[in-house]
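Alright, structures below, take your time with them.
Two complexes follow with chain A in common, the first pairing it with chain B and the second with chain C.
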Partner chain A sequence: MPDNPGLLGGATDPATGAPAPSTGVGGSTAPVEAMPSPESFVDTSVAAVAARSQGRAILRRFLRHRLAMASLVLFVAILLLDEIGSRLWPYTYSQLTDALNSGPTGGHPFGTDGVGHDMFAQVMRASLTSIELSLVVAAVSMVIGVAIGALAGYYRSWPEAFLMRFTDLILTIPILAILLVLSRQAARHAGSWLFIGLIIGFVIWTSVARLVRGALLSLRERDFIEAARALGAGDGRIILRHLLPNAVGPIIVNTTLSVATAILLESTLSFLGLGVQPPQTSLGLLISQNQGAATTEWWLFAFPAIFLVVIVLCVNFIGDGLRDAFDPRQTRVRA
Partner chain B sequence: MDDALFSDDAPLLEVSDLSVTFSSEDGLVRAVRGVSFTLEPGRLLSVVGESGSGKSVTAMALLGLLPRSAQVAGSAKFRGMELLGRPDREMMAVRGAEIAMIFQDPMTSLNPVYSVGWQLVEAIQAHQEIDKDAAWDRAVHLLDTVGIPEARQRAAGYPHEFSGGMRQRVVIAMAMANDPDVIIADEPTTALDVTVQAQVLEALRTAQEVTHAAIILITHDLGVVAGLADDVMVMYAGKAVERGTVEDIFYWPRMPYTKGLLGSLPRLDASGDERLRPIPGVPPSLANMPPGCPFMPRCPISRPNCAEDEPVLRPVVGGGHLAACHYAEEVSPGDELFAPISSDAEVVE
Partner chain C sequence: MLPYIIRRLAIGAVVLVVASFVVFLLVSLSGDPLAQLKANPHIPPAVIAQRERLLHLNESIFARYWIWVSHMFRGDFGNSIAGYPVGPILWGKLGVTLRLVVGATLLSVMFGVGLGVISARRQYSVVDYSATFASFVFFSTPVFVVGILLKQFLAVRVNLAAGKTLLYTLGQQSALLEPSFGSRLLDYTEHTILPVITLTLVTYPAWSRYQRAEMLDVQNSDYIRLARAKGLSPRRVLVRHILRNALIPVVTVIGLDTAAIFGGAVVTESVFGWNAMGQFLLTGIQQIDVNVVLAYLMLTAGIVILFNLLVDIIYGYLDPRIRHA
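Moving on to the complex of A and B:
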């Protein structure tokens, strides 16, 4: 059941193709782990095994994932550039400069548009908005998705029925149609990126929910759940302390994917004029505003597009690294 | 837990006429059919029988862990308090704190994403108001008690870093965590290498000494029982077919089935030409059981009336020794009822 909310065409990322293991600790497909790094030899000493706490072990495995680390560094750099760089930059994103339709120059490294907006300032501002929006989407879809998915996977009955009917709804009515109706309402009332983010989040949580439900359906049959119950653990404890932590891998991966999906969905909405509205700006809005200039004033289109692709890829690679880091069997040490 | 529910002079655990029925496509599966026993404080009762005889279902029924599809009848009183049919919320307070359980496969009964110390802390904090550091110290102490070397360091390790025997010790430590009065161990050594079985049983015995718990040791291997158990209950097709002290059972089994189980054990005192004497045939299907003694088709001393009346568990030769066989008095220690495995072509029927 590929349940990827990015139903809007081929713009989805490579990681989407690989479904997350439903047990959360299952097979991992880390591309980067081919060679044992020096640390993995240190691991085999009893002292090293004993000394590390779980959090440290996860962190260490993540740090060793080179592609994910590089992506994280790049992602943070972009965030810092957006947050701090935009304050130091001589132009704001809405300011009109004297240079019209200028290509990349020393003063305007990303050029300017026909009314004199500095594209560097605009791209910084737009990528910040896109990232913030996608984090809102991730937070909303994760909270709703984990809650409903956990109830559905553990108790079945009505949460499962609700999840299934809602998923049917999302699958039969195209996600875009729902977003169009909702975001038109939102645009009328507020039209802010926060609203767009909440709306996208309220629509794409089913993906996380179905994943969590699937993971819990198989995890709840595992012996260690029975054992926990036999030692007096109640439903809440079993769900929160035993089941969900075993599903953290898929949850993280899926949430990360929803960050990427959200950025792409927002772009699509912007293309239809229903995304973030000016004077606010977003990468999707910039790209759609400037798509006509792709061949003539290429810088207007290319820089936002490059930022969009780089951010989406970074987020996906980070998700990949996190999934591997949460898998405690990555470094196997036998007693 | 309401202490008023407990009664001081009631037996520790008194099970009477426990029966469990599952509905399946083949009709009703009567997994447990009227099992009764009493467990005294500090004793070790071994429940023995071939696979499928209802041992695990009996244990799960006591803790209220059977799926909802199971119909449970009879009575199981812990210190006078009825366990069967008690709401799950109240059973939670019993599980782990009063009656703890150890499962068969230590490879799967620990949570893979937590350190073993964390899991012990979790088990402790499920029943005790105790801060995390104190709980961790107690966890380390428990690991030490069950024989985990360098317990303080190993507590931070994850289950996959432990061998099977070491994991089962961790599971035993978890069962001890809240000083239960009863520990049920369901085939605790079946999944382990023969070489570590004795060590794990030793850890179980240590757990008993430390907690003064009574133990129900479920096994299909009478060999495990000999040096360990005080009392033995033999189960067959969902019923207790023989019950007595370990001496009763080993020196003079009264039920042909028990004799068969003993005959299929390798014996150290056997002279050279003594061979294993396994029980021929397989246990009956528990769905749609025919009337009569369920062991009859495999029984060497059966007579026509065995096909009609199912024998009840009744005292033989006084004392506490009970057997469910019409002809229990005819079974004598010397006779060999079952044919030995033949080493050459002349297969005995």
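Moving on to the complex of A and C:
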């Protein structure tokens, strides 16, 4: 599981997670940053344990979350299968084999379709596309959401107004309808999956933004921000070094869950014919193409559907585990 | 209360105007609706010029938007690319879609709130774990997969077992309808059951999770302990004290999810081959038919705004602390 420490390490260590500030004044903010968190108070009171950082405590709670860990292992396994397995597998996803409409056999464990596509190769390729696309969505929506949410929470004024009106819009018009209108453009532009990922990201960033705004609204009134300002820290430094690291939990949890949302939205768009376009493939597209075969050539429908549900389920469980790890008191963060 | 309602409606109107302009630009700029016609060598240029004039394609995009706005003020939605008026057709399809949306919303409320309450009352029991697991699975399953599974497996089994078609999987009604009201109602119901279940199964999980969490919050609060200590009957504590308080946040979530239900209805209708608003929107988008797409968006957005207003008013009654100023 090489992904695990990387994912959590960057996430739970706020100091390295935040980019270096550009507008800081002097080096006198050290006492503020060294302010201990509640967790480290508890942990240092145990004599045998050396000062344990908040990041380690969160990581430990996550590692103990059995369902989330099992989901993470399964998710990484699927990703590795898609990434490496598809290179080793004798057939590519677009290759036509001589076996037509074959059920699952030794040579074709997931069977073949009516023109001889190997379903195992297709499912691997399709789930890779779906996962990669959803990671693009998560990245885009996190960057936009954190930026606008931070501006809205810290400065209020027009970023806040923009965020609120955009949120009104998203809550008023079905997201799917907006995406369908936007993806009409993608269908015109040769149907690149990257384009679909970008437009989904540009639409669903509001939930992260509202969380960040909510967190910053209360954090900015706290004394340690006052102290930082008194020590001469500029706005940029306060936002990047003092405010955002304290909001990292909800950001990570929400970004994780947005991966699941993205996969569902992408598959739905592809199912309706306005998402990923052939010759590229995605799980939604495979299911759409094979929906009539669910009872007759069940393998054409079942395997893409199972992969889709399992991937989304894993991501949701991971998100749930992260939420518990970041917030052991089980209080939900409200935007 | 009245100033509050007026202000909310004004905000909603502004959102609608901005949304309509943005969507108008997006759809109009996404291609030429007459491209197919122009690609056909058998169509004389005069015909194309005439169609362009009728669709105002020779005018600037802002002029076209203004023409659309003036149609809206007159209370119609303009004409489609093919030349028929959009309004009357849309109203007919709205009725069909509402059967699905209203049915699924009601069923999801019953399911979501009911399962949430049961789960919370029996926290960490088998019931709780199964309900939680089911919610997670349905929460992670796309609408169309649920629809296809119900259609291909449940419907076929039920119909075979019954010896006749009880659950229809295609269309929103039979092609030939008997005129009597009773038989029509039965026919509508038989066609609507599966789509409603489909949409419900993907809608209720979030609500039941929310309801469960709220119930646990309230159950463990001091005022419930007090209510029990006063010797109130468990039933009265549950209904009057816990449920009433735990329902408040859930009501908001239900309001916020209305737009998502309309979105889910597009997919559900597509799976079950309904000739309703979803299909209207999809063909509108594919044919770059601005008036059709905008008509869909305005109608759904209007319904969502009104419904959310209603939800907020209910909210005020459920929770007297909230004053709509």
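Definition applied: the second predicted complex is superposed on the first by the 261 of 335 C-alpha atoms of A that agree within 3 Å, B and C clash if a C-alpha of one lies under 4 Å from a C-alpha of the other, contacts with A are read in each partner's own complex, and residues count from 1 in each chain.
By definition in this document, a contact is a pair of C-beta atoms (placed from the backbone, for glycine too) under 8 Å apart; a residue touches a chain by one contact, two chains touch by 3 or more.
Here the structure is a predicted model, which means the values were calculated and not measured.
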Next on the checklist: Going by the contact rule set out at the top, does A:75 touch chain B (first), chain C (second), both, or neither?
Outcome noted: neither
Next on the checklist: Just checking: does A:181 make contact with chain B only, chain C only, both, or neither of them? Give me first, second, both or neither.
Outcome noted: second
Item to check | Dominant contact partner of chain A by residue count, chain C or chain B | outcome: C
Checklist entry - For A:272, is the partner it touches chain B (first), chain C (second), both, or none of the two (neither)? => result second
Next on the checklist: For A:173, using the defined touch cut-off, is the partner it touches chain B, chain C, both, or neither? Pick first, second, both or neither.
Outcome noted: second
Checklist entry - If you stack the two complexes on chain A, which partner ends up touching A:228: first (chain B), second (chain C), both, or neither? => result first
Checklist entry - Of the residues on chain A, which ones does chain B touch that chain C also touches? => result 332
Next on the checklist: Help me check something: in the complex, which residues belonging to chain A touch chain B?
Outcome noted: 25, 46-47, 49-54, 222-224, 226-234, 237, 241-242, 245-246, 248, 328-329, 332-335
Checklist entry - How about chain A: which of its residues touch chain C in the complex? => result 165, 168-178, 180-182, 184-185, 188, 260, 264, 267-268, 271-274, 284, 287-288, 291, 294-295, 301, 305, 308-309, 312-313, 315-317, 332
Checklist outcome for this item: Touching chain A in the complex, chain B uses residues 63, 65, 89, 92-97, 100-101, 103, 105, 108-115, 118, 122-123, 126-127, 150, 152-158, 160-163, 166, 171, 174-175, 177-178
Checklist entry - For the complex, which residues does chain C have touching chain A? => result 11-12, 15-16, 18-19, 23, 26-27, 30-31, 136-137, 139-145, 148-149, 152-153, 156, 213, 256, 259-260, 262-264, 266-267, 270-271, 281-282, 285-286, 288, 293, 296-297, 300-301, 304-305, 308
